[in-house]
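Heads up, there are several structures right after this.
Each of the next two complexes has subunit A plus one other chain: subunit B in the first, subunit C in the second.
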Partner chain A sequence: MRIEVENLTFVYSEKSKSLQYKALDDISLTIEEGDFFGIVGETGSGKSTFVQHINGLIKTQKNCKKFTVGEFDLTDKKCDYKSLRSKVGMVFQYPEYQLFAETVFEDVEFGLKNFFPNLTQEERSEKVKQAIETVGLDFERVKNKSPFEMSGGQKRRVAIAGVIVTRPEVLVLDEPVAGLDPKGKLEFIKLLKRLHNDFVKTIIIVSHDMDLVAENCNKIAVLKKGKIVETGSPKEIFCQKNIVENSGLDLPLTAYLQRELEQNGIKLNSDLTVDNFVEEVKNYYCKIKGGK
Partner chain B sequence: MSIIEVKNVSYTYDKTKFAVKNVSFDVKEGEYVAIIGHNGSGKSTLAKLFNALFVPTNGEIIVDGISTSQKDKLFEIRKKVGVVFQNPDNGIVASIVEDDIAFGPENIGVKREEIGERIDFALKTVGMEKFRYSSPDRLSGGQKQRIAIAGVLALKPKVIVLDESTAMLDPKGRQEILNVVKKLNKEQGVTVIAITHYMDEVLNADKVYVLDEGEIALQGTPREIFKEGAKIKSIGLELPLASFIAEKLRQAGVPVKDGILDKEELKGAICELK
Partner chain C sequence: MKEFSFGSYYPENSFVHKMDARVKILLSIAYIVAVFLVKNNTWINYLGFVPCLLFVIIVAVVSKIPFIKVVKSIKTIIFFVILSALLQIFFNKSGTPLWKNGFITDKGLYNAGYIFLRIVLVVMGASLLTFTTSPVEIADGIESLLTPLKLIKFPVHEFALVMSIALRFIPTLLDETDRIIKAQTSRGADFNSGNIFKKAKALIPILIPLLISSFRRADELADAMDARCYAGSKNRTKYKKMKLSLRDLIGTLFTALLIVGVCFL
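For the complex of A and B:
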């Protein structure tokens, strides 16, 4: 499903002059099917407000010219939000805080029951099993466990299983690795890559972690004070120094090194992923060694 | 002088498994201490032991001369040790920012005029003066965390414990908080205990303790700790990204030197290849 947005403005507390606050200001953006799309920007730049539009948790306001997610028109009052939400899965910050059921099985099953009440018990079980296995947990071992007995990283996996169980086409994750330890973070990123290859077509992540974004996303939008500053590939975004600095963002380590090394007369041209960066340094090293 | 003495401390939630096992160390007044460990290593349990939210099952914690097991000294202990937790939503009590910050000082009986001054100081320190009359639930996650830190600063504690309290901030916000914490530590002599996953926060510390399964697995200065690359990995932690890239370069046959911790050192090492 392609996501197309034209002239989206959103004002909180629109009717109160003293409290109103413009969180999004004339946003236009296209997210193609198959993108691993990163949305970055400093705290309060409107990232979360934007992504909550995608599955209709926040409704578009009158002045929005276009907001479509596949065949769904979100500017239309009659939009079928329930059906939309089964196709656009949303994983919030700290999703493990939303776990509630007595067992992992029931927790993952909950969304499925809501969206597809007509499934038989067997069909439901099968889907729940598949979702739990997809996030890398052992179904037989965890199904009857209380989600609250599990570790932080496992809880987050259960929460994600509960979202992907409806087989969404688009998965939106708001700060997916915040609060995970480094190992949990690495495993989680592997999981996202696997999901993107096999399970969901489009992944949209909101993150402050520029290393994560540079390593995984094919396209990035930079938000600042509710406006889109720039969209492009990690290389386009991070190798243009002024975009990053004016937006209150850090550079990914690879982009920082590439910039600094260039000032020292070493020109590298990686796509900012770690592997490609290492490859570029290696090529450079072979070249100077061969020259000597 | 030691401000916190941890003496053979163990803690169990359910009497079968110990979350903290026989841990001992001292924190000196004015020190910046980092505690790292993977999820479930016992570090957050330890944070809650410092200000008597939990009392050790075995052993003792002495805060500025007072044992945390003395129930009648709770207020005194919590005046000395302020904790900032991971999720600011769990700690906000009032509907207006200034009331939220006043809550702590009011509870310990600070005079009205002084509360006003403390609110000024705390909000200024975290850069949130503009939001004094805002409602906390209208702030972003990072802004809320700064309010939570201001609430602790308003108590003028001798020790501040940060329990992964920068995890939800953006890089700029995180750096601001780190600068504030560093400043409080260096200029006002506030003792800092930072519990974190972020390796760059560890690099600021005078001393680092690595927890694994409730026990201290490694201790030393940041540089001493990260020399133990293999051990760090075996207990489920990762080296800083710069060290990781340096290792990958070595594997690819590029001879960069050992012991690289941050981006500047890595940059230097690549330049030296010439």
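For the complex of A and C:
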């Protein structure tokens, strides 16, 4: 599903002059099907407000010219939000805080029951099993456990299983790695990649973790004070010094190294993923060695 | 839900906003007393409500609050007000019937109007207090006003602390509720359809996470207070000291004028 946005402005507390707050200011953006799209920017730049629009959790305000997600037109009041939400999964920050059911099975089943009430018990069971296994948990061992007696990392997996159980085409993740330990983070990225190769066509990720963004996203939008500063590939974004500095961004490690090396006269041209960076270093090394 | 601002505090920079919270609380009570002082005998006594209404209008103008907001504050109790007025109209048997064998009496009608005006005026006046005074100020004001109760060993400080913590966490919990509602909505939860039992059941996915997070927050707050050696009321100083000023005197005189006016009419 292709996502197209034109002139999206969103104001909180529109009616009250003293409390009014403009969270999004004239945003136009296209996210192609198949993108692994990153949205970055400092706190309060409107990232979360924007991604919540995609799921119809925040309704567009009058002046928005166009907002389509696949065949769904979000500027239309009669838009079928339920069916939209079954196709656009949303993982919130700290998703483990949304768990509520007595068992892991019931919690994961929740979305399925809501979106597809006509499925038989077996079909549902099968889908829940798949979802739980996709996030790397042992179905037989966890299905009857209470989600509240699990560890933080496991809880988060259960919560994510609860979102992907409906096999959404678009998955939106708001700060998904916040609070995970390094190992958990690594596994999480692997999971995302697996999903992207499997049924999730488009992944949209909001993050402060530039390494994560540079490593995985093919396109990035930088937000500042509700406006889009720039969109482009990680390379296009992170190699422009002024964008990074003006938008309160951090550099991914690869971009940092590349910049430092450049200042020492070694010019690399990687796309900022670790593999490609190593490749570039190798090539450079071979070149000077061969030159000797 | 982000549109929801707690209570009805309406931030402005006005004469009334800057008044001492304690004085405002006391004056609100005085105002309510004044409304109840309006005599209750004949139709001419309705005139007693005029100064009260004038008072509300003047305070609203001085505090730069749109009068329409003050009027809207009766929205929540309008059902109750109309019900009590109707009860008076239909069930008051004293006085003379308006027409032969009718069950509506002049006394009933008179009482209905009287009760209606009384409640509406009281609520509008009370709303002015919450419009011009932030919840925290009100809590501080109440604490200060209750200080004499310390003499009978009433834990005033603890009481006020509980009150201000509760007030402090209302917006936080609202945010949290908002987030959980959104998270469950995106998983297809539907809170608006079905009969009342279905609707009640639909609340479970919100209430349980909310309950759990409240406990978590309470624990964290207790730890944070312990870590800073919080030990209750002894020798605690205040960041914002409340001070009486000329403004409060003017406000008091103005309210006194109202009471005198009501007593004379």
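By definition in this document, the second predicted complex is superposed on the first by the 292 of 292 C-alpha atoms of A that agree within 3 Å, B and C clash if a C-alpha of one lies under 4 Å from a C-alpha of the other, contacts with A are read in each partner's own complex, and residues count from 1 in each chain.
Rule of thumb we're sticking to: contacts are C-beta pairs under 8 Å (C-beta built on N, C-alpha and C of every residue); 3 or more make two chains touch, one makes a residue touch a chain.
Remember, predicted model here, so these are calculated numbers, not experimental data.
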Subunit C versus subunit B on the shared subunit A, clash or fit after superposition
clash
In the overlay, answer first, second, both or neither for which of subunit B and subunit C A:V11 touches.
neither
Quick check for you: in the superposed arrangement, does A:V274 touch first (subunit B), second (subunit C), both or neither?
first
With both structures placed on chain A, which of the two partners, subunit B or subunit C, ends up touching more residues of subunit A?
B
Kindly classify A:F92 by the partners it touches after superposition: subunit B alone (first), subunit C alone (second), both, or neither?
second
In the superposed arrangement, which partner chain does A:L195 touch: subunit B (first), subunit C (second), both, or neither?
neither
Which holds for A:Q52: it touches subunit B only (first), subunit C only (second), both, or neither?
second
Is A:F100 touching anything from subunit B or subunit C once the two structures are fitted on A? First, second, both or neither.
second
Please work out whether A:G153 is in contact with subunit B alone, subunit C alone, both, or neither, and reply first, second, both or neither.
first
Looking only at the overlay on chain A, choose which of 114-122, 186-194 or 222-230 in subunit C hits subunit B.
222-230
Looking at subunit A, which of its residues have contacts with both subunit B and subunit C?
12, 19, 97
So, in the complex, the side of subunit C touching subunit A is made of residues 2-3, 5, 10-12, 179-180, 182-190, 204-206, 208-209, 212-213
Flag every residue of subunit A that touches subunit B in the complex, lowest number first.
12, 19, 21, 41-44, 48, 93-94, 97, 151-153, 175, 178-186, 208, 210-211, 248-250, 253-254, 256-257, 260-261, 264, 266, 274-275, 277-279, 281-282, 284-285, 288
State the interface residues of subunit B toward subunit A in the complex, per the touch definition above.
37-40, 86-87, 138, 140-143, 164, 167-174, 197, 199, 236-238, 241-242, 244-245, 248-249, 252-254, 263, 266-267, 270-271, 273-274
Over in the complex, which subunit A residues touch subunit C? Could you list them?
12-13, 15-16, 18-19, 52, 55, 57, 82, 85-86, 88-90, 92, 95, 97-101, 110-111, 113-115, 148, 162-163, 166
